[in-house]
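Each chain gets a letter, A, B and C, in the order it is written, and its residues are counted from 1.
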Amino acid sequence: MNAAILPGATAGDKTFLLAVEALTVSFDGFKAVNDVSFYVDPDEIRVIIGPNGAGKTTVLDLICGRTRATSGSIKYKGTELTKLSESAIVQAGVGRKFQTPSIYDDLTVFENLEISFPRGRTVLGALMFKRDAEVRDRIHEIAEMIFLKDHLDKRAEFLSHGQKQWLEIGMLLIQDPELLMLDEPVAGMSVAERKKTAELLHQIIKGRSVLVIEHDMKFVEDIAHRVTVLHQGKVLSEGSMERVKTDPKVVEVYLGH
Amino acid sequence: MKLPTINDNPFMKPMEWASLALLCAVIFLVLPLALDGFRLNLVGKYLTYAFVALGLVICWGYCGILSLGQGVFFGLGGYCMAMYLKLEASSVENTKIQSTPGIPDFMDWNQITALPWFWTPFKSLPLTLIAVVLVPTLFAFIIGAAMFKRRVGGTYFAIITQAIAAILTILIVGQQGYTGGINGITDLRTLHGWDIRTDSAKYILYFVNGGLLVACVLVAQYVKRSKLGRILVAMRDKEDRVRFSGYGVASFKIFAFCLAAAFAAVGGAMFTLQVGFMSPSFVGIVPSIEMVIYAAVGGRLSLFGAIYGTLLVNWAKTTFSESFPELWLFGLGALFIAVVLAFPNGLAGIWRQHVEPLLTRRPKAAAPAALPQGAPAE
Amino acid sequence: MFGDYSLGDLGAIFAMQGFAGLILFSVYVLMALGLAIIFGQMGVINMAHGEFMILGAYMTYLCSTFFQAHLPSLFPVYFFVAMALAFVAAGALGMLVEWGLIRHLYKRPLDTLLATWGLSLILQQAYRSIFGAREVGVELPSWMMGSVQATDTIEIQINGLFVMAITVLITLVVAALLFASRYGKQVRAVMQNRVMAGAVGIDTEKVDRLTFGLGCGIAGVAGSAFTMIGSTGPTSGQLYIVDTFLIVVFGGAASLLGTIASAFSISQTQSTLEFFLSGSTAKVLTLLGVVGILMLRPQGLFTLKVRR
């Protein structure tokens, strides 16, 4: 799969990992995302902020194929994503974490991670899948990273909210995506869990691009290379956190209160 | 202490081996020794429904797809087998009094003078055996591909499959020249020259049927414990998460549906062989939904439960409708309601909660089982 | 199959079959309307819907025998009484069922399906025990028999027009109830966000019960209309349940307009085809068409594209 992908889309003379251009989606006339363009560099941490209903989650939905664009393009390493199936987008190297923890309650932590291990993704492959040393080692490695190594045998439904969030992050890590998209990774966490998560994120963002939606400004300042502000489906402002923070338009609609 | 439980993913756990041994003992020893030929044949008939229930455990229990059209696949398998047997029974010699000898009697009655094209493959036994499994599975594949690729599931899928069961029944009844109509295909005699109506043949067929059922249990067990089985559970839980972990969700659902259809088809063919006829009354809405209740009574997540559930419901049906025909429908209706309201995991759930702890005497602190126990579909 | 008829004949045939399909259409619309409320608004699959319809049919039958025996002078208007009684009886049973069964299963649509199937079996056996296994028919008052000669080749049955008028009336009342009344707003609020609706002071349990009762009541009226096209037996309702579900799904589950349009197209296709082909082939072709279209367009005819 990966071999077929061209090395890098170019806009001007720069190589982007992800190039979103003129992206628009309308639901019965309502434009939830309206002519949005932005570019993400390799290894960049980009945070998307904006008031509720600004279209942040919809943008992630569009990139990962959950929602189909009305018009515009999303190029990932030169491949047009708007035409690919969700599973093909994942296999191309895009991982997505949902806003509410999305894990398999009925399975153990180990099994949750195992399903995300990027092998045996076809029907036949899944039937023939062997739980070999490579799989086990990788799962233990990830479990260690997401603070769940002592809970591998536990059914996921018995985890705490924060642990569930970590598990889902772990499920993405095991896929080793080049572009990781996180939707409010620290929402609903206790202070201690939040600190641990920030630590975890700092550790995992190395060597990949990350697209994060987050409301916690301290957290954003802490991790963001660049920030994109969405408002009513459009890009309101973009740049470093310092620049965005002082942009009067942003202050008016989002940060000012 | 921790590693072994994670590392071993045996084909069957000790409890499951015990269940398998028990099932084999019941099918191959207890029932044949305890029952006379007539009753044993009756149990053999019940066990053909167990194939359907087994498929439903995978498709409905594990994958969360409720098909109300399993009778279609049971029927198609049964009809394929019946067409072969009917052609063998309709040799020119046997049918010389007809205006067109050599074709099934009901065709002759309906003024059909040549064998229709879709009957000709069923002159050959190997082709028939292939068709028994292939035709229903292919049909399931077409339905599944059309529906699951468009993300149709849940109640819509149930309604559509039910409609397909209705359509097929009306079609079979309406086209009696080609299908035998409401009476079905009757008066079946020999399988490749071997008379299936004799007592010894029925005895042998019972054991063949039992063997096939155990084989299907093993296939289902393999699927259940493979990663595919866990993906099915995961999809039932959080379909989007599976999709965004890089899996083509539709193909997994199609697989589960096709597997259930193939099981049902084998059951249908064995039904025809053991009972000696096939008719539209095993295809339609009512039998299809009754087959769901067999799986529900046994426990929608338990392979072995599904078989015992099938036996129990059918035994009750025969007993009650012999002595209190009025009560039976009340009883069956109440069973549907009770299984949903009070025992969503059926017999297997009761067994797991109340009997198994006594047998294994595990300390209370044992890790919770990996497989779902308290999760009703949807 | 059209080869033997002239164009004028064909026109007349289509018109006649069209009017002959009116009662079928009305039964379908009323059945589907009830189901659309229950399935479309509440998300409950009621497999016993046909049995609620048949309850209405039996009520009509009882009325017809009662008026014939005891109130022959009022016989011409008994049908109105029968319809009201059918609505009340089916509605009351519906509310009882909601209280005893459905309310425990709101989060589990597939389980509701199985439970209501069990209910339908119980009701069928109850009808068989009470009214006997034999099918019964009703006597129509004389003013409802006969037909109006529209042109020299087209006749319209009066009872068809009558049922049609009742259907239109009920549809309008339901539409007004759901889209213009306070109750309708509550229904929609509960369906969209049960917890929130409860929090702002709507008695969600009462709304559920009334809505389920309303849907079943309309099915009862459908049963009254049904007595004009077929005789009533314990299992007559089961024959209609699949058609009705297909209509609701085909119309797009939440849309009343869609339900009516789909009931119209399905009943008219079927009755027109029936003229040219055998009844079973017509039915198979119609249902196959619907299933085929649903496979290509699973969301039905009328749906909104919504933000997930």
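Keep this in mind: contacts are C-beta pairs under 8 Å (C-beta built on N, C-alpha and C of every residue); 3 or more make two chains touch, one makes a residue touch a chain.
Given the structure is predicted, the values throughout are model-derived calculations rather than measurements.
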Of all chains, the one whose CA centroid lies most distant from that of subunit A is C
Chain occupying the middle, per Cα centroid
B
I'd like to verify one number: the distance from the centre of subunit A to the centre of subunit C, where each centre is the average of its C-alpha atoms, in whole angstrom.
48
Express in whole angstrom the distance between the two chain centres, defined as the mean CA positions of subunit A and subunit B.
43
Take the average of all CA coordinates in subunit B, do the same for subunit C, and state the distance between these two points in whole angstrom.
33
Shared-interface residues of subunit A (touching two or more other chains) are 66
Of all residues in subunit C, which are in touch with two or more distinct other chains?
none
For subunit B, which residues are in contact with subunit A within the complex?
2, 5-7, 9, 222-223, 226-228, 230-231, 233-234, 236-238, 240-249, 251-252, 255, 367-368, 370-372, 375
The answer for subunit B against subunit C in the complex is residues 66, 68, 143, 146-147, 150-152, 154-156, 158-160, 162-164, 166-167, 170-171, 173-174, 285-286, 289, 292-293, 296, 326, 329-330, 332-337, 339-341, 344, 376-378
Spell out the part of subunit A that touches subunit B in their complex, as residue ranges.
64, 66, 85-87, 90-91, 95-96, 98, 102-108, 110-112, 114-116, 118, 120-123, 126-129, 131, 136, 152-155, 158, 168, 171, 175
Which residues of subunit C touch subunit B once you look at their complex with the stated criterion?
39, 45, 101, 104-105, 108-115, 117-122, 124-125, 128-129, 238, 242, 245-246, 249, 278, 280-281, 283-284, 287-288, 290-291, 294-296, 298
